[in-house]
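Chain IDs A, B and C follow the sequence of writing; residue 1 opens each chain.
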Amino acid sequence: MAPRKTLGESLREHGVSRRGFLKFCAATASMMALPPSMVPAIAAALEQARRPSVIWLSFQECTGCTESLTRSFSPTVEDLILDIISLDYHHTLQAAAGHQAEAAREQAMKDNFGEYLLVVDGSLPGPDMNPGFSTIAGISNHQMLEEALAGAKAVVAVGTCAAFGGLPAADPNPTGAVSVLDVVKDKPVINVPGCPPVPMVITGVLAQYLVFGKLPELDEYHRPLAFFGQSIHDRCYRRPFYDKGLFAESFDDEGAKAGWCLYRLGCKGPSTYNACATMRWNSGTSWPVESGHPCLGCSEPKFWDAGSFYAPLSSPLGSPTSTLLGAGVTGAIIGGAAAALAKKRTATVVADRQPVTVEELEQKL
Amino acid sequence: MSDPMGFLLWVKGPAFDWALAIFALGMLARIVEIFILGRKKNYAEAKGGEWGPGFKTILTRSIADPGTFARAPFDVVVGWIWHLGFLIALFLFIPHVELFKGLLGIAWPGLPNPVVDAVTAITILGLIAALVHRLQHPVKKRISTPEDYLVWAVTFLPVLTGYLAYHRLINPYPLVLGLHILSVELFLVVFPFTKLTHAFTAFIARWYNGAIFGRKGVES
Amino acid sequence: MSELSLQRGLDALRAEIDAPVAAFFSSCVHCGLCATACPFYTETGDPKYTPILKLEPLRLVWEAEYTIWGRIKSSLGLSRKVTDAMLEEWEELLYDSCSMCGRCSVVCPVGNDIQYMVRKSREGMVASGHTPEGLVGAAGRAIRTGSPMGLQWKTLAVQISHVEGSSGLTVPVDKAGVDYLVLLSSMEIINFPEYLEAITKIFDHCGVSWTLSTDCFEATNAGIQIGSKDIAAELVERVVSAATKLGVKNVISPECGHAYTAIRWEGPNLIGRSYPFRVFHIIEVLDELRASGRLLTDGKETDRLSMHDPCNLARKSGCIQEQRNLMNLVAENFVDLKEHGKYQWCCGAGGGVSSNERAEPLKMAAFKRKKAQIEEVEPERMVTMCATCRTQLEEGLEEFNMDIPVVGLTEMIADHLVEKGPPKA
């Protein structure tokens, strides 16, 4: 196999100027909240980076994460990065198919044992579930993941399905779908959730890993703080309206047209941590709230089961109204029975009582 | 359940259902327990009505007479302040209006968030002042029981955690919101078995008071 | 003969728990405002006299037997039990330091009628044998002699002839079919004999048909004071029996507080049936006579007068304006105490407190609230319509060296009656 080009060599071959490359490094630095002084280090590291092998396993997924990533319209530095990474296995983007594709995967795993980056999208049926629920080339997702883990340096779980179980794991979860972290215990895991994740977030995470060779700072859900450290609510451009108490009350009403806060239409921004409000989608064109739709909270665990997308965050889940009524009726019956019983006992006591006399009173003196 | 979102979804889901169930069961049982006892027939000739004075007393008893106000201004003023504040924060904060809409199917206008925020801050101070007073005033000290302090705590916590959640003073947000909802659930569960029942039974008590006095010709 | 016991006391308390009691206990938030309304607390500063605290035995029974949580606590052995020791401790709180004036009941923010429940609690104290000696004595005398002070008809007969001699009028006795059967209180027969003369003159002036009854002349009810419905019922039955025998249309309760409450409000419920007659306080009757133009007066008192409303008449029976109408008839310089009528302050002696010798120091302490009210207004004389209040005012004012005479309203009215009939030659 020919020695891989460095990233710098590849970029020059593709006509990316030094200036353009440095611009990308600066953007990457600021995205990761690194100081401008880091840019030369980023440039130097990326310049020399050998194209690492990346094996991308797609399990119970809708391919939305790949679609998001490749739907970027900006000057295709992301595309170049993808070209520069040696993407040795990816269902949608690879040319090979069938046995050849699997052979390529196994070869790459063997050649780069201990060094390759494993990317997973989609959830997988749990180890105790019927392995036939989701297979690739007759191999169950779980088995394929275990085999790939052996030589992986780190795992990046792309999309909410891989990070938290996502849609397949939503109630009633017929396949017993689990997340990558539910299965992977002894390799570093970075979660990049979103349904799908913001494209630049995926490439930003990969770039950060390339530059530093170690995991970025992660939150309690293993999400990079650089992209998932702020809530949508804290970065939302409509926040002043929330603070003033101005809410749209239905789609297309005056408040909606005036761009007021979408809390009452179901926005989950306050409890959602992602970069949508700052980085936005389609290379910064817009994002759901800006186009008038409440945030779904899609980068959070169990967001599919967290209540209707159009019910406000403060709405109760479950069926509290019927609980209230049922419990109330039960309480009334219990209280009524108990009180009636006590009353009856008292009536007996009263019927049997002896009147108090002055003699009895005097006796106690 | 050990992660913030899992915690939030648990308190919003099954925990809320259980808390509401216990609250509704306990409260209805208490109210029915009261009414089932009934009153003995009154053979004395009435001098006035019962229903009018009963309902009038429900309203007038909220206003302290001038003499009592002069003797207990702290109780009257601070009592009004924190009760009103609590009710405003509970019923006129837009996210709470949505909660009641989801629960009961009806909604009403709310107050702007900054107004509710200021009222909540005052309510917190009022509640703390009320606690200090209860610990220091000889009468309150003498008649207070551990239940009084438990009730203070379960009433104070929702207001405090609500304030913390609104201002996002604890991270991540699902944790602090979950704590707020959990504190409300604690309040609901404790409610029917403590003096908190007065929120409903005081109106019954005031009616009986007005009725008893009204029947004897005493003005409400 | 059976004995009073804790069990009978607890049963008595159970029998007293009704919907209002349950609503009241469910609503108390321990705010302590009831204490600010009670002269026994305000004048001693001792928080144990806080009114709601008096009800603890009743509340414990309610909680343990009429609430879900209470039943659970009780079955786990976690609730305080009402014991003889506790009731002994509570005797002072329910008798010595409470006149059942009801001021706490009109002040409680959640609407608790604490006075209502004190009355009920006393039933438990009676049945368990935890009552003050003075009240037991009064009850014994009332049942055996008809008068809590042991007063007999023959003493009253002497007074009657005195009144007849002095006024030249007849005091009707055992006259059937008249409008009013008049009851008296032993206290007033002994201390304020001018009352009998006053009503004799007034009724003659107004042409009212009335009578006393040798079967029953006592209005006061020691059963109410001690809190025994059995004793109270027996005393009421005597009145009913006398009134029925004479076929009177109405019964008048004299210048007394609790007697009116006993006969007007509690009586029919004690005997379990409505009366075949109506009941009025003398002040109500006099005001009616005034309003109908049958009572004509002349001249007015010129000195500065103020008035003490008896709690049982004003706050507990709504008779507030009537006495003021009458005052305005015969007084030109009448000024009310600052808190009067419904919010007036108890003199401290009612509800059995004055019959309870042990409570004398507390009674005098409570009077200081009244004293402060009087000092604020600086009257030259005080007017009232209850013999017990009048005695307490006189004794209290003397105790504090205040030279303010106390006079009864009825006698003041009688002093200003216009001579009716043809003018003298």
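What we mean here is this: contacts are C-beta pairs under 8 Å (C-beta built on N, C-alpha and C of every residue); 3 or more make two chains touch, one makes a residue touch a chain.
Every value quoted in this text rests on a predicted model; they were computed, and no experiment measured them.
Greatest centre-to-centre distance from chain C is found for A, with centres as Cα means.
A simple rule picks the central chain: find each chain's mean C-alpha point, then take the one closest to the mean of all protein C-alpha atoms, which gives B. For the interfaces A-C and A-B, the C-beta contact count is higher for A-B.
In terms of their C-alpha centroids, the spacing between chain B and chain C amounts to 38 Å.
Mean C-alpha position of chain A lies 77 Å from that of chain C.
Distance between chain centres (mean CA atoms), chain A to chain B: 39 Å.
Within chain C, residues 17, 66, 68 each touch two or more of the remaining chains.
Those residues of chain B in touch with two or more other chains are numbered 26, 29-30, 33, 36-37.
Across the assembly, chain A contributes 334-335, 338-339 as residues in contact with two or more other chains.
Residue ranges on chain A touching chain C, taken from their complex, read 334-335, 338-339, 342, 346, 349-350, 353-365.
Residues 26, 29-30, 33-45, 47-48, 57-58, 61-62, 64-65, 67-68, 71-72, 75, 79, 134, 137-145, 148, 192-193, 195, 197-198, 201-202, 204-210, 212-213, 216-219 of chain B touch chain C in their complex. If you check the complex, the residues on chain A that touch chain B are 219-221, 231, 233-234, 242-245, 247, 263-264, 270-271, 273, 300-302, 305-307, 311-321, 323-332, 334-336, 338-340, 343. Per the touch definition, chain C reaches chain B in the complex via residues 17-24, 26-33, 35-37, 41-42, 45, 47-48, 50, 52-53, 66-69, 105-113, 116, 264-269, 272-275, 278-279, 315-319, 338-339, 342-343. Of all residues in chain C, only 1-4, 8, 11-12, 14-15, 17, 65-66, 68, 71, 126-127, 129-131, 133, 136, 139-140, 143-144, 226, 228, 230-231 touch chain A in the complex they form.
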